[in-house]
Each structure stands twice: as structure tokens, then as C-alpha cells.
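First the structure, in the form of C-alpha cells, and then the observations on it.
Letters A, B and C mark the chains as written, and numbering starts fresh at 1 in each.
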Amino acid sequence: MEGFLKAAQASWDALPYILGGLWWTAGLIIGAMLVGFLLGVPLAVAHVYGRPLSRKLVAGYVWLFRGVPILVQLYLFYFGIMAYLSEIPALSFLPLSSGFVSAVIVLGLTSAAYQSQIFRGAMNSLPAGQLKAARALGMSDAVAIRTIVLPQALRLAIPAWSNEYSILLKDSALAFTIGVLEVMARTRAVAATTHQPLPLSLLAGGLFFFLTWAGIKALKRLEATVRIPGYAHQGSL
Amino acid sequence: MDGFFSFALDRIIPALDAGLWTSILLIVPAALLGVFIGVSVGAVRVYGPRPLARFCDGYVSLFRGTPLVVQLYFWYFALPNIQIGDVALVLSPMWASIVGFGLCSGAYQSEYIRGGLLSIKRGQLRAAQALGLTPLQTISSIVMPQAFRRALPGCGNEIIYLVKYSSLASIITVNDLTGMGRSLAKSSFRNTEVFVVVGLYYLALVTVAAFVLRIVEKKLEIPGFESKRD
Amino acid sequence: MDDPVILRVENVVKTIGGQRILDDVSLSVKKGRLKVLIGPSGAGKSTLLACINFLSPPDSGTISLDGVPVNGKSKKELLALRQQVGMIFQDFNLFDHLSTLDNVRVALVKVKGLDKRAATNRAMEELARVGLADKAALYPAQLSGGQKQRVSVARALAMDPKVLLLDEPTSALDPELIGEVLTVIRDLADEGMTMVMATHQISFSASLADEFLFMEKGRIVERGTPTTLLARDSGSRTQSFCAKLSELAGDGHCELAPPSGA
């Protein structure tokens, strides 16, 4: 009983500190989502509408970033590439030695590989007549893709895309390995000083579980607001 | 980059080969455990009695809703703090990893198995009944072969994820590929080279695993059950 | 004329979701005869067929096969019953993961306990009978609808059923594929197979059936020989239903097809 009280007290005391890590967790997710989206869309367009060579390049990119574990990429970027770049004087104005920057890059590049596949699937599922009709109106391919294909494909992709949120949320917990003070890092730190790993790991688990659940709820809302008639969304897996 | 190849040949590769072996010893039992859990839990969620099915639903959303690293942390660091009488549950890093990966992977696998089972049309069951097949025969010769084929691409992807996420074992001190790479990088200060080679090892593992799974799929593929994957 | 009664259905009642789908239905089929169930959809034809082999067990009433009443409580008896009652479904329900040959063979091996060679021989025989021996290695996804339905007939026949239940066997087929399935059914009737068939192919079945049963709202409201019921001046429900169907289909007439062989 005494042990239980001590554990509860330790968790309670640590709560504000651990919740403070949410800012970093949120920053990682938003940053990676953004990088992944901005890179994933052109990758997908190149994969679907590009020349054979650009298709091959995209396929290679996807193979690379889907094949190397996030953890190894984090080590490679943070301890290797970024540490190397940060020693170049001309680049010293960039925050290259920040773990957060490395983590956003790694999570973003990996997410881009997955997001490009999501968008590719959505584009492929559009009827070919859409692009034909746009061309018949005299649109260039670039214009047709921007104004006709993407607005439809991105809507179709939303359910799969919201799945990407929960994946990134979970992967963001790995950023502690390169010193980002997100939720997991703070949990470990407190557990190490208080010797209470049990309640603290349950606390962290509960927090992430809540974030997954709340995020998926919020994205369902978003889905409903951008829905336009005639677009049946299958629920995300 | 000077002397990269000699450094790679003399130092990195011998160290990583040892780590590779550890990784495989982790991945194979964890994958088997995951598939076993996935099939049982998936079947219970579809056909099981309601309370048990709900319980399994809870297990799946819990393990899919929390980061694997938190789960590993729980199995390795937190579990020994639970004492039943005088017995504390202490798992070695290896076992904590296998249990952690297996339970997490099983939660994801069960989703695919469940999807496969739900995709079976009612008419298939009626036809089996009409021919006089027993429920057990119906499950073993009609339901499972179909469900398994439908679930296979997803289950295969899940095993590939497992290969990658096995790298997390290094966080709880297992000297797998990543762990060996980490200590070599620390002692040699040649981070970029070491982790590039570690990455190549994983790429090779993932590619071989994908290739093997593709062969299995092709072997099992029959008209009407073509696997749709990119 | 004194053939034995193979199948007897007595006072069967079936309620699903508070709705009475079958309301005191009785019929009996003698060996080698074909009974045809006619009526609008929702009349209970499919449910009646499903009650006969207990795919959906009747709430009350009895089903007797060869003079022996079926005990719906005993699982063993149910399985035995289903071996002896073949069923053809509207949407075929071939096992999608099994080749044509295996579809016919699976129950021979698993239910009848035949060894593989005997089962193969038997299955090939039945496939030849429906004209599909050359398709034995193909999977359902590679067959046309008409071929699928013929395989499902072969699958049912391989079990040596005492009676065959056909639930609108041609309703899910494209018009040009109906003929091949009807031919198989005609052959079965000529060979003396005992059958109960629900169908909208009225003029086709008129030449084969010994009795038409017109169902509506879960009851058999009319029964009689095709000749009587389809007579132009009979004023029967069957006649007006048939007339409506052929009007919709636009194929002209609702009359007795000329007797086979004529």
C-alpha cells in the first residue's frame, strides 16, 4: 500500500514535466507530416505520371526509406550526417546539431515514402476519363494534375492519410534516442531518478493511447468537413 | 571517407554479422509468436463469444495505440517491479524483446486475419453446410484457406515491419544489428560509415524477406485470390 | 404410378424477425418427380428450400426423407440429411479457393470419406455429365456464370442425393447463359432425378414438372399440373403471374412449351 502511494505520488509530481514533452511530440508530428506531405505529393505525381526513369527513382526512394529502420536513420542523421555538416563553417547558421531537426527530417523523409504510396493509390483509383476530359479542354498535364487530379485524389486519400498520423505519433517516441525532450524522454528521465518505471511507463502508455484515440477522432471530423458528395470514403484501417 | 572499405571490411562487417545473427534470433520467434497470436485473436474476435471477443478488441487497440518502445520499456524495466508474493517477473533483454515484438505484432496481424475472415461470403458457409460438412471441416477446409489467402499480403507486410522494428531491441540493451552498430560507432567515432552499413544490412534483410513472402504468395495464388499489393 | 414418396414436408412454419415467412406449408415429392415452386419474390420459396435441408431449421412441422422424420436436434442426423439432399444456390456458392475438380471432390473426401482416387474418378464423371470435364483444373474465377452453376450441379450430384433442391438456379445468369443450365436440368429430369425447384422459368419447367406450387406470403395458394394451371381460361394465379412475367420479359407468350421430344 505504501509502495502504491509512493508510485502514485511520483507519477503525479512528474505529470506537469511529462506533459511538457507534448509540445515536442506535437512539433515532431506536425513537422514530419508537413515534410512528408510536401515531398510525398510530387513523388506520387512522378510515380504515376512520370517518365520511366523518374518512376524508377521514386520506387528506389520508397524502397530505401521503407527498408531502413527509423532508429538507424535517426542515428545516421544525428550522429553522422548532421554532425558532419554542422562542422562546416558556412552552414553554422543552421540548427544542424539539434536532435529535433534530425528527427523531423528522418520522420518526414520516411513519411514521404509512405504518403507517396497513399497518394499514388488514390490517383490510380481515379477514373482515367478525368484526365482525358481535362486534356480535351486544352489543359496542360501540369494544370490538369493540379486542378483536376490532386483535389480529387487528396480527398480520397484522407482516411489512409489519417492512419499516417497514428504511425508518426508512435514513431515520434523514438526521438528520445537523439535527445529530443518529448514525452518518452521525460518519462525515462523521471523513471530513472524516482526508480518508479512501472507507474511511469503506464502513464506514458496511457498518454500515447489517448493521443492516438483523440487524434483519430479529430481526423474523422476533418474527413466529414471536407467530404463532397459522391466521394465515398472507406474507413481507415 | 579514406579507408572506408578497409574499415568496413575489417571492423564493421564482423561486428554486424554477430549482430545480424542476434537480430534473426529475435525476429523469427517474434514473427511466429505474432502470427500465432494474430490467428487466434483474429478468429476469436470474429467467431468467439462476445466477452472474449471484446477483450481481444481491447488488447488490439491497446497494443496498436501505444508506441512499441513504450511497450518494450514496460516489459523490460517495469515488469520486474510487479511482485506476486516473492516472485518478480524478470525478463532478459532478449526475452523482453521477443515477448514485446510478438504481442505487438500479433495485435496488428489479428487485424488482417479478422479482415480475411470477415471477407468470406455467407454463401460459402451455406454451401459447405448443404454438403454436410461439419463446422470444424468447414473452418479448416473452406474458411481458413480463403481467409489466410486474403490476409497474406497484410501479414507479410507486418513481418517486414517487424524486421525493421526489431532494431528497437537495442534500446533495451540487446546487441542486435543496431546495438552492435551503436557500440562500434561509439568506439570508432565513424558514425556515418557505420550506420550506412547498418542501414544496408536492414535493406538486405527487408528485401530478402519481401522476396520470400512474394514467393509464398505466388505459390498460394489462385485465380480469384490475386493479391493486390504495390 | 405408385412410386414411393421420397420427401414429405408437413405443416412447416418459419418465423424470421417476427415475420411469418412460411405459414403451414406441406408438400410431398415422389421418386423421380419434379415439383416447381412459383411465386413473387418474398413468397418464401427460398426459405422453404432452406428449411428442407435445415440450413434454416423450421420452427415447427416435420420433414421426412424416405419415410423417416428428421430430428433437427441431432447434429449427426442433420449432417446425414444434408448428404442426401443436394442443393443448388442462386449464386452458385462454389468454393472460391478450390479448383473445379476440388469443388466437386471436397465433400466426397471430407464427408463421404472416399479415398482421393475414387473421389477424383467420381468427380470427373459428374463433371463430364455436365459437360465440363475439360475445365477441371480451372478456378471459379475463371468460369462463366453458366459454367459455375453446372459445376455446382456436379458438386451436388456427386453426393448421390435422394433429392435435389434448386433455388432459382438461373436467376443470377445472363440471358445467353441460361440455356446451358436448363439443358442440364432437363437431362436430370429425364434421368429420373427427384427435384424441387424454385424458378421463374415457367414455360421451361412446365414441360418437366409434374406439379406447380404457387406460393404467396408464405403459403401455397395454388397447386396443380402445369397443364391445368397454365390453361388460358383457368383464371389461376399461376396463369396471371406467368402472363405478367412474360409481358415484362417481352418474349411474347405464356404457354405450355411443346413437350420435350416433339
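The definition used in the following text is that a residue touches a chain if its C-beta (ideal position, glycine included) is under 8 Å from a C-beta of that chain, and two chains touch if they have at least 3 such contacts.
Note that this is a predicted model, so its numbers are computed, not measured.
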Most distant chain from chain A by Cα centroid: C
Middle chain, criterion being Cα centroid separation: B
Distance between the centres, which are taken as Cα means, of chain C and chain A, whole angstrom: 57
For chain A paired with chain B, centre-to-centre distance based on mean C-alpha positions, whole Å: 21
Interchain centroid distance [CA atoms averaged], chain B/chain C, Å: 48
Residue ranges of chain B touching chain A (in the complex, touch as defined): 62, 64-71, 73-74, 77-79, 81-82, 111, 115, 164-168, 170-171, 178, 181-182, 185, 191-196, 198-199, 202-203, 206-207, 230
Touch list for chain C against partner chain B, complex: 53, 55, 75, 79-83, 85-87, 89, 91-97, 99, 106-107, 110-111, 138-142, 152, 155-156, 159
Sites on chain B touched by chain C in the complex: 121, 123-124, 126-134, 137, 141-142, 145-146, 149, 222-225
Contacting residues of chain A [partner chain B, same complex]: 63-64, 66-73, 75-76, 79-81, 83-84, 117, 120-121, 166, 169-174, 176-177, 184, 187-188, 191, 196-198, 200-202, 204-205, 208-209, 212-213, 237
